[in-house]
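Two complexes come next, and they have one chain in common, chain A, joined by chain B in the first and chain C in the second.
Showing the complex of A and B:
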C-alpha cells in the first residue's frame, strides 16, 4: 500500500530497534517498585502516624443526592473514629474495640472521588485512591453495578472495599468477593419483608406491571419481587426495562394504563424513581379503578431523600428501607443527633449504612490488631454487633452480607415536618428475611489477593 | 522535539520513545505518576493519535469514534473470557474488530461530508451505545458491564493450567498486566502507534489525505477518486480506537457501554483540538491534559484546598476556598471548559501553536532566524471543523 512506499533504510530499522531494546532494559527496574515482600500487603501504613480511607461516591448523575449524603456520613465517621465530635455510634456500639484515638493509634484521613455512577469512572477513581493516595480501605455506593465493579477491583488490588448503598442480590450473591462487605440489605430481603404486608393491604388477586432500571440491581429486584408477589397469587402482566437516568418515563407509563394491570411496581431508585413516580401520579394512575380495585404503586426500595424529591406523590405508597431516622432505639437516636448537630437535618439510610460501614471496618482493624486485609477480613466475618440502629446484626461469613431486621414503610399521609415523610409500618425480624447463601451461587475467592 | 521536519524523524522518534517511557519519572512532581493514570495517558494517547489521522489530515470530523473504542473493549474482554488471559490475542482481536466496524460505518458515512458526515457517525455511535444497552445485553451485559467470571471457558488457558482460586489476571506470558508492567505494555504500543502515524503523515498517502482536506472538489475534477483513501484513513483510525479500547480492557478487564456514549466521542475531539489538530504530538498533549483534569482535579476537595491555602489569613482562606471549590471536585468540567475556550479563542491551532509561537519568539530573540518552519507537510491548517 502507499503508506509503505517510503523506503525503510537499514539504518532506520536499526535505530528504531535499539530504541525499543533500550526501553526493554529500563522497564524491569521500575517493575521492582510494584513487588513486595511476603507477608506484606498493599498500602501497609507501617510506622506512619496516619492511615487513609477512600470515599468513592456518585457526585454527579442520577444518584448524586445519595452520594452527597454518603460523603457527609463518612466525614462524620472519620471525626468520630479520631475521637472528635460527640462520638456518635461509638457510644452505643457493642462490642466496641475502638478507643477514640484513630485506629491502632493512627489518625484516620480520607480522600474523595466521584464515581459518576459509571463503572469505568468508579474504577479509575478507586485506582487513583489505591495507587496514588495509598488508601487502606475504600468505600462508597448508590449503584450496584458500580459497587460490583469496585468490589472485584478490591479483590484484584488486595484492598478491602466496604459497600455503601447497594441493594442488588448479586453484590453478595453471584458477584461476591472476599474483599467486599455489605451492611445494606438486598432485593431478596425486600421481597420477603414486603410480601405479607402487600397481601394484607392489597389482597391475593392482583395484576402487577414492572418498570425496571436496566442493570444488575433492577434485574435482581424485579426477580425477587416477582417471586414474592407470584407466591401470593398475583399475576405479572409485563416487565419493562428502562435505561438508567432516563429522565422522562412517560413513554413507559402510558402502556401501563391499558395493560389491565392494577399494580405498578417501580424498580427505580434515586432521581429515576422521583421522575417515574411523579409522572405515574401525574398520569392519574393512582385515581384509577382497574378490575374493581384501586390502582396501587409500589416502590420496593425507598429512601427519605427520594421521598423528599417526589413530594406529596409518595403518600400511601409502600416500600422497604434499611433504616429510617425516626427509629427510637438508642443507636438510631445517637446517630440522628450527631448528624443533625453537624449538618442541620436528619441522615438518610444511605448515610447511615456508609457511616456504619466505616466504623465497622475501623473496629475490625482494631480487633485484628493489624491492617493486613486477610486478618481484618477474618475479624469481620461472622462478627456480631448491636447498637448500630438495626438491632442485633451479624456479618454472615459465607457471603459477607449483614443480617438484621428490615423496615417496611409507607409514604406518610400527614407528615409533621419536611423530613417526616416515611412511616414505619412494620419492623420485619431477621428470621423472616434470612436465606441460604448457596441460592445465589458465586464464590468469595482467596484471602490473599 | 517539536521541530518535526522529515530529516530528524529518527531523532523525534527516539526523543518521543524516551519521553513516553520516562513518564513515571517526569510526571511525579505533578502527582500524575501512578500506574492507572499513566496507562490512561498512553491509551488515550493512542486513541487521539489515531483520531488525528482522520480529523487532522482529512478534516473529516467524526463524532462517533467512541463506538470503535467500545467495540474494541468488548472484543478484548470476550477474548479473555473465551480464549486466553494472554493479552496479545485480545489486542489483535480488539484492533481487528475496531477496523471491521470502522469499515462498515465508514462505508456508509463517507458518502457525505461536512456536518452530514459528523451527524451520521454520531448517529451510528449512539445506535451502538443503545444496542449495547438493549438488544445486545447477552453480549455486553448492559449497564453492569462485561466482566470476567470463574466459569468462563478460556479454551487455551484451560489446556495448560488448572484454574486457580479467584479470577485470573491478564498477562503477557506470565507478566501481570496491571500496575507498571501494564503501563509499559501500553507505552510500547503507543510508541509503535505514533511511529506508524508519523510514517502516514510523511507518506504520499498522507499527502493525498491533506489534499482532500484542502480541496476535495478539485481532487475529484482532476480525476482522482478520493473515497478509497478516505475509507482507508477512517478504518486506520478506527483500528487505533479499537486498539485503545482493547488496552483499556487489558489494564482493567471490564467493558461498559458508557465507553461508547457520545460524550466519549466528544472527548477525543476535544483532545485533538486542545492539543492541535493535524500536528503529530498535539493530540497526545490534549489527551494527557484531559485525563489529568478528569483524575486529579476531580479529586480535589475542600479539605485539600484548605491545606494548600493554609498560608492565607483565615477570612480570606475561606473565601478563596469557596471560590476555587467551584472549579475543582465536581466542577472540574468547568475548568476544562474555560481552558478549552481560551485555547480555541487565542490559539486556534491548539497547544502546539502556543509552543510554536514561544519557540518562534525565542529564535527571533536569539539569532534573528525566521520563525516560519520549512518542510511542514503537517502544518496545521486553519480550523474549519
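Showing the complex of A and C:
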C-alpha cells in the first residue's frame, strides 16, 4: 500500500494535472485514425501560400513528343486548378470540390523532370523533385517499366504518384502500391474490349502470331490478348519476344509469312509499333490470303501520335485507346476546347490522362481537407466521378485502377484532316472490361510510408 | 528451307546498311586517322534529306475541316497535285529516288563542312579526344534535327510501283512461299553498287591510287608534292555521301527519326573492329557477315535453344573473332597499335 503512504505535494499535483490536461488536448487527434501522422508527412506545405507538383515526363528519347504533350496538359491543369483560363474539365467534373483558387487556398506551382524513358533516370529525377523541390505529388508516364519504378519510389518516400500513360497489368496488379494511382486503362481491359469486335470482324476460327516487346508491358499485353483470342476459339501459333527498339523487325516478320497464321498481333508501342507495322505491311502481310481468309494485323494499344508515324499503314487496323479527341461527350469537348485554344491542335490520349490525374489529385486534397497522403489516398480510393471524358468512372479502392469506358478504334480509311487518324468503332462499357482485382495478385502496402 | 533463305535475304539487306556505314567509317579512319562517332549522324542526315524533300514536295493547299471547331484541322492537298495532276502525284511518289539526287551534293557539302570546320583541328589529338568531339557533334546534330522534325518517326514511302513483294522463289524455281519486299531487294542491289563504285574509284582511278598510297604512307606521298590532305578531305566528303545514300535509301524500310544514326553507329563500329580497323574489304565482309548472323540468331528455332541469343550474337561473335584474330578479319599490323 505504498501509494497510499506517499505524501502528495502541491508540485506533484500540479505536474499530474498538467500531464492530464496535455493528454486531453492531444487525445482527439491521437485517437483519430492517422491523426498523428497527418502532422508529420513529407513536404507538408504548412502555412506556405503554395504547393508544388512534379511532372516527370520523357523530355528526351523516343517518347519525347508524347512527353511534350503530357507536359502541355499538366500546365493546363495547373492553370485551371488555380482558377485561370476557361476552367476546362472543372466545368464538367462531378462531384467537384475544387473551388478554382488552387488547392485548400494554396496556389499550385510545378517543377518538371526528364525520365528519358529509363527507370533509373526517372527515379533519380523524381527523388530530386521530392527531396530538393519539395513536391507534394508527382506524375508522368509513357512507359510501364518507368511507371512501376516511380510508383515504388512513391511508396518508399511517402509522396503520391499519379501514373500517366502506363498500360501494363502489373502497374495496378502485382506491382501496385498504396501511393500509386492509374487513370489509364490496362492490357486486360484492351483484350476484354477488343474480343467481341474481333469476333465480329474476323470470326472464331483464326490463327494468331504474336510479336511482343520484351518488357513488362509487352508480356502482360500478350497474355491478356492471348487469353481473349483463345477465349474466342482462336489458336495461338507462336509468341515471339522482340528486343525493345529493334529497329528492323524483318527477321521477326519473315517467319510469320509461312507459319500458317492468318493474324499478326503486334504487342508493340511507340517507335517499335511504327517500325514493325510498317515492315509487316511491306512484307505484303495485308495483301495475303491464308487459310482462305484475308490476313489481318492487330495493334492492341493505339496512340494517335504514334499512328502519325506509321502513315497510311494503319488504315483499317484494329486496336484500343483510352480516349480520343473526337469523342462528343461534354467532358471530352471541354478538354479539347481548352487544349485546342491553348495550343492549336487536339490533345493526345496521354495528355488527357495526365490532365485528369492532376485534377483528380487536387480534388482529392480538397475533399480530404489536407495534403496528408494517407487522407488524400483514402479520398481517392473508391472515388466515383463523371464528366471527365470516359463516362462514369471509379477509382477502385482494391487496386487503384480506374474503371470506365474503353474505346475500340481502327485506323481511319478516309481521314478528313491531319488529326483524324483513328475512327472510334465502339465505346465498350465499363462492365465489359471489369475484372476481379485478385487475379493479378500484389499488395497495395500500408497507408503510412 | 524457305525460312533459311528469307533470313539470308534479311541478313544481306541489314548487312548492306552496316557495310555502307562501316565503309565510310573505315575510309575516314584509314585516311585521316580519325575515329568518327558522328558518322551515324551523317547517315541520319541522309535520311532526313528524304524527309525534307518530302515536306517540300507536299506543301499543301489546306481545306478547313469545318466539323472541327476548337482548333484548325485541314484536309491537305499538295500543290504539286493541284497544279500538275498525275505528274505531281508521281513526283511525290518518287520522293525517295529524287532524294538520292539531292543527297549527293548535300551530303558532300555536309562532309566537307564537318571536316574543314571541326574535325581537322583534331587530327593530331589523341583518339579519346577525337571520339569525344565527334560524339558531341553527333548529339548536336541529333538535337538540331529533333528541334525541326520532332522525336516521332516520319514515314517516307517507297514508290508505289515497288511497294509490294517480289516472288523471289519463283525466280529460282523454289515455289511461291519465298517472297521478299521489292524495296529491300533494291536496297541490297544499291548497296552492292555503291560498294562497287567506291572500290572501283579507289582501285581504278589515279585519284584513288593516290589516296591508297596516302593511306599506306602519307609522308612519302607528301614528299612527292601531292597535297594529300586535300584528297583526304574529299574522301571524308565521299564517306559522308556513302552514309547519306545509305540513309536515304533506308527511309522506306525504317521511318526516320533523329536517333536512327545512333542506333546504327554502335553496330557499325563493331563491324569495323571485326572487319579490321582500316580495312575496306574487311568492313564490307564483316557488315554482311554480322547482318546474316543477326538474322539467323533471331530465328525461333535458334532462340528456343539459346534464349536471347538474337540480342548478343553480334557482340559474342566480335569477342570470339577478336580473341582468335586480334586485328579483326582483315586488319593490318600497325593500325591503331603503339
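Simple rule for what comes next: the second predicted complex is superposed on the first by the 410 of 449 C-alpha atoms of A that agree within 3 Å, B and C clash if a C-alpha of one lies under 4 Å from a C-alpha of the other, contacts with A are read in each partner's own complex, and residues count from 1 in each chain.
Assume a residue touches a chain if its C-beta (ideal position, glycine included) is under 8 Å from a C-beta of that chain, and two chains touch if they have at least 3 such contacts.
Predicted model only: the values in this text are computed from it and were never measured.
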Please work out whether A:283 is in contact with chain B alone, chain C alone, both, or neither, and reply first, second, both or neither.
second
After the superposition on A, what does A:367 contact: first (chain B), second (chain C), both or neither?
neither
Is A:443 in contact with chain B, with chain C, with both, or with neither (first, second, both, neither)?
first
Quick one: classify A:63 as touching chain B (first), chain C (second), both or neither.
second
Applying the document's definition of touch, where does A:346 land relative to chain B and chain C: first, second, both, or neither?
second
For A:114, decide between first (touching chain B), second (touching chain C), both and neither.
first
Could you look at A:258 and tell me whether it touches chain B, chain C, both or neither (first, second, both, neither)?
second
Which partner does A:266 contact after superposing on A: first (chain B), second (chain C), both, neither?
neither
Identify the partner contact of A:420: answer first if only chain B is touched, second if only chain C is, both if each is, neither if none is.
second
Residue overlap on chain A between the chain B contact set and the chain C contact set?
243
Please output the residues of chain A touching chain C within their complex, sorted ascending.
61-65, 238, 240, 243, 245, 247-248, 250-252, 254-255, 257-258, 271, 274-275, 278-279, 282-284, 287, 305-306, 308-313, 333, 336-337, 339-341, 343-346, 415-420
In their shared complex, at which residues does chain A touch chain B?
1-6, 12, 15-16, 19-20, 22-23, 26-27, 30-31, 33-34, 59-60, 110-114, 118-121, 123-125, 127-128, 131-132, 144-145, 148-149, 152-153, 155-156, 175, 178, 213-216, 241, 243-244, 443, 445-446, 449
Provide the residue numbers of chain B that touch chain A in the complex, in ascending order.
10, 13-14, 17-18, 21, 24, 31, 34-37, 40, 133-134, 137, 142-145, 147, 150, 165-167, 169, 178-181, 184, 187-188, 191, 195, 199-200, 202-205, 208, 232, 248, 252, 254, 256, 258-259, 294-296, 298-299, 301, 303, 329-330
Counting only contacts in the complex, chain C reaches chain A at residues 2-3, 6-7, 10-11, 13-14, 65, 67-68, 70-76, 146, 150-155, 157-158, 163-165, 177, 179-181, 183-184, 252-255, 257, 259-260, 263, 294-295, 298-300, 303, 310-311
